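Take this structure, written in structure tokens, and hold onto it; I'll ask about it next.
Every chain is named by a letter (A, B and C) in the order it is written, and numbering of its residues begins at 1.
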Amino acid sequence: MTLRFSASGLEIPGDKPSRNPLHHLPVLLDTVLRGLGQVMFQNNSYTGLLFLVGLAVNSLLYAAAALVGAASATLAAMAMGAGRDSVRAGMFGFNGGLTGIALLYFLEPGALTWGCVLLAAVCSTLMMAAMQAAFSVWKLPALTAPFVFTSLVFFLAAARFGRLETTGGLPTAGLPAQASVEGVVTMAAVGEGLFTGIAQVFFQDSVFSGVVFVLGLLVASRRACLAALLGSLVGLLVAWLMGAAEPAIRAGAFGFNSVLAAIALTSVFLVPGRAVAVYALLAAAVAPFVAAACAAALEPLGMPALTLPFVLVTWVFLFACRGLARIQAGSSTAPRGSQD
Amino acid sequence: MTLRFSASGLEIPGDKPSRNPLHHLPVLLDTVLRGLGQVMFQNNSYTGLLFLVGLAVNSLLYAAAALVGAASATLAAMAMGAGRDSVRAGMFGFNGGLTGIALLYFLEPGALTWGCVLLAAVCSTLMMAAMQAAFSVWKLPALTAPFVFTSLVFFLAAARFGRLETTGGLPTAGLPAQASVEGVVTMAAVGEGLFTGIAQVFFQDSVFSGVVFVLGLLVASRRACLAALLGSLVGLLVAWLMGAAEPAIRAGAFGFNSVLAAIALTSVFLVPGRAVAVYALLAAAVAPFVAAACAAALEPLGMPALTLPFVLVTWVFLFACRGLARIQAGSSTAPRGSQD
Amino acid sequence: MTLRFSASGLEIPGDKPSRNPLHHLPVLLDTVLRGLGQVMFQNNSYTGLLFLVGLAVNSLLYAAAALVGAASATLAAMAMGAGRDSVRAGMFGFNGGLTGIALLYFLEPGALTWGCVLLAAVCSTLMMAAMQAAFSVWKLPALTAPFVFTSLVFFLAAARFGRLETTGGLPTAGLPAQASVEGVVTMAAVGEGLFTGIAQVFFQDSVFSGVVFVLGLLVASRRACLAALLGSLVGLLVAWLMGAAEPAIRAGAFGFNSVLAAIALTSVFLVPGRAVAVYALLAAAVAPFVAAACAAALEPLGMPALTLPFVLVTWVFLFACRGLARIQAGSSTAPRGSQD
């Protein structure tokens, strides 16, 4: 079998695949990296590699969790017979990768937690297959919803399962109350938030990780890279204008949902153009409101909103454009190789 | 261009519309009023005008909010290229109008809140377009769900956004507990509740507003008017029987969802007849249970249920009738000019 | 009219049915018993009869509630013109039966509560018809979702309706917190939990009821019987491994959702085989996580999760298999006589 490196990573020409994934270790690795790239919609293994590097510079633990999660989810998809092209494009890796990081972020490391990472990665694949089937009547992408729902199940279960131990990372359960304006937002905080907003897509509160993630986008798509930066900025500015707490702004908490929505709407699912650019900016501006609302709605459960706000906003904007003549969806809202 | 007044308001015969909405100010105004009429399913600008009068007699602030909300949502729909007939029938006005009132009711008035009214009205239009697209596989109407979800996002966001200030109007966040029977319901309370139940469709706790709203229905449809009065009465009586608090009964809190469900099922989406009348009465009787349940479910968040109970009950009854030979849906469940 | 007893109960050969259900009392009774059998997917009146016996040996009250609920829901379906074959197979009985038991379990007995049982049974039929219509775009079964949602509405409504009195059976409302491992699980507890896990499908915390329910399954399907026992065991073992509280394990709290999911996936909706057996075991192992998560998510409302975890897990696994070549759905995911 001949392996060939192309602009976006490894390609397999063969039509008689061996059933044993170990025979294909390079291809498997390439697929897993594409899965990490798909976290920001890039079917590109170099992007995935840079995302992995961006994780590793901040924390080897999360890099390992992302790799294990993405690999387990991908192998589970292969073992259960998911669509070969879809698996190859990383579509069954990104939710597993994010689930792996999330579980290590919010649960105490240990044998049982790593076992849960494997189980949760398999569940993320089942959720992905289920949502693809359910959403096929609308031709709507599942986005990162499988990651969000799978992770929340494991975190919530800790309230009944004594051996599933949560870290201090989870929000404190409480009844939501009117916020007050906390702290003063400086230009330094804005600069930091611009990049942490991108780093938070992978749960990293690190400017450096954010910069490496931007590079990862750049090698795949300048448009996606620009959308990510503008999305992060818009999310941050709206949150600032509305009086969000300074630490949250600086940590990028109001940026990552806007980042993902901006990439999805400008460079993946819609036909690019001036109207679509405005439409994506509107989505990036609305995302902080939805993020604040989701965080408050989950406060009594002490649960994080993860990327649920991005998922909800993007679904609404993708559905809405079908009835709006000025905004054109792509030939398919779920083009080959992007998140469907 | 010739404008012509008909039984249900202004009509535009022209087929070469100017792109500038200001050239069409009378038509725009008529469209906005139809939008207000559509809050109770009436594609009729006189009804909308009377609804506006009913608001103004109680509070000029809410009348202004309704007008601004409905106009912004309608203009946003035009600007983004929503279906012309649908816009003209007021389908993109009613959610915006209700959202405008709700935001002014639950958020402190001020420049930022009025800015939020504009943004929320645009969001209500996006939600409407999105839900129309999503629900098209079922041919089910979105009803006032876009208003409910959009408004809740803005109220919940106040828990993270210090400059988004809530009024004392929101319920106190708490854990739901067994209610006890409070107060004695007199015939005067029943009489009051009959009309406040209709006034509460627009958040008004005023018998006078309720009477004007009834007149607004009467100019458009005697059937809808009768359904509204019977719906309010049934909702009130069921709540009374079940031991709801007297102030809530008198204020119409258990009436407005029944009012809307009764109008929708008797005069909009189903073929009228004896079986349908019984079916609609059943919906009006079930609505107070769903209203009580929704209020309790949202208690930990300190959020109002708005018209969510009406939406849920009506969706269930519209879906259910498709499998029930005795209840016939109209030629379309979303006839021209009614809420789709 | 000739009535004939077959392996699975009473059959009606006639094609000119009388409109009066009393003329058909034996047929009605047979239909109601099939409805009880359908709680565990068995279109078999002997199974239903044994389930009724299993209830009666523990509590005559719950047996009566199940009978009244299933009969009311079935009669409501007949009166409103639901599909005759579907009604005859008990499809409009099982949600009503479960709703009847649940209301008597969580609400104080009394005239008003029995009135609510009748109303809730009618609502369960409406919900069933509605969900069948809504889910027809996916050909997905409604399962016991109508029972879950209808029951939760009545329990939640008690927070506003003073005359709707809850028992001490409901969970205490509170904010979820990290669990600790409570108690030591003995082999005796495992043995007890194996059968209470099956008994809990009908809210019974009784080994004896569980044994009778197993016999009920056995007369209809050895495969379903085996699936129930294995499902209960897997659910229990996973909960034990994860450190669930001993009393909950012994009472079967982590078993019943696995029992239902295992029956559904091995003997109703999928083509049996080795891969499907593993798939169903995976579902039975995931169900305790989802059960723990649902219980925690409903803790602020003080509400029980009922069979919601089974419903969610089964929906996900039924959807997912459509994209997984190794797992084959049956010719229809909603075969005649099983829960659709």
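The definition used in the following text is that contacts are C-beta pairs under 8 Å (C-beta built on N, C-alpha and C of every residue); 3 or more make two chains touch, one makes a residue touch a chain.
Note that the structure is predicted; figures quoted are calculated from it, not measured.
Peer 1: How many degrees of rotation map subunit A onto its copy subunit C on CA atoms, rounded to the nearest 5?
Peer 2: 120
Peer 1: Would you mind working out whether subunit B and subunit C touch using mostly the same residue numbers, over half shared, or mostly different ones?
Peer 2: Answer different: the two copies use largely distinct residue numbers here.
Peer 1: Averaging only over C-alpha atoms, locate the centres of subunit B and subunit C and give their separation in whole Å.
Peer 2: 36
Peer 1: In subunit B, what residues contact two or more other chains?
Peer 2: Within subunit B, the residues that touch at least two other chains are 137, 300.
Peer 1: Where on subunit C does subunit B make contact in their complex?
Peer 2: By the definition above, subunit C touches subunit B via 79-83, 112, 119, 122-123, 126-127, 129-134, 137, 152-154, 156-166, 173-174, 300-302.
Peer 1: What residues on subunit B touch subunit C, complex-wise?
Peer 2: 137-138, 175-182, 239, 241-245, 248, 282, 285-286, 289-297, 299-300, 315-327
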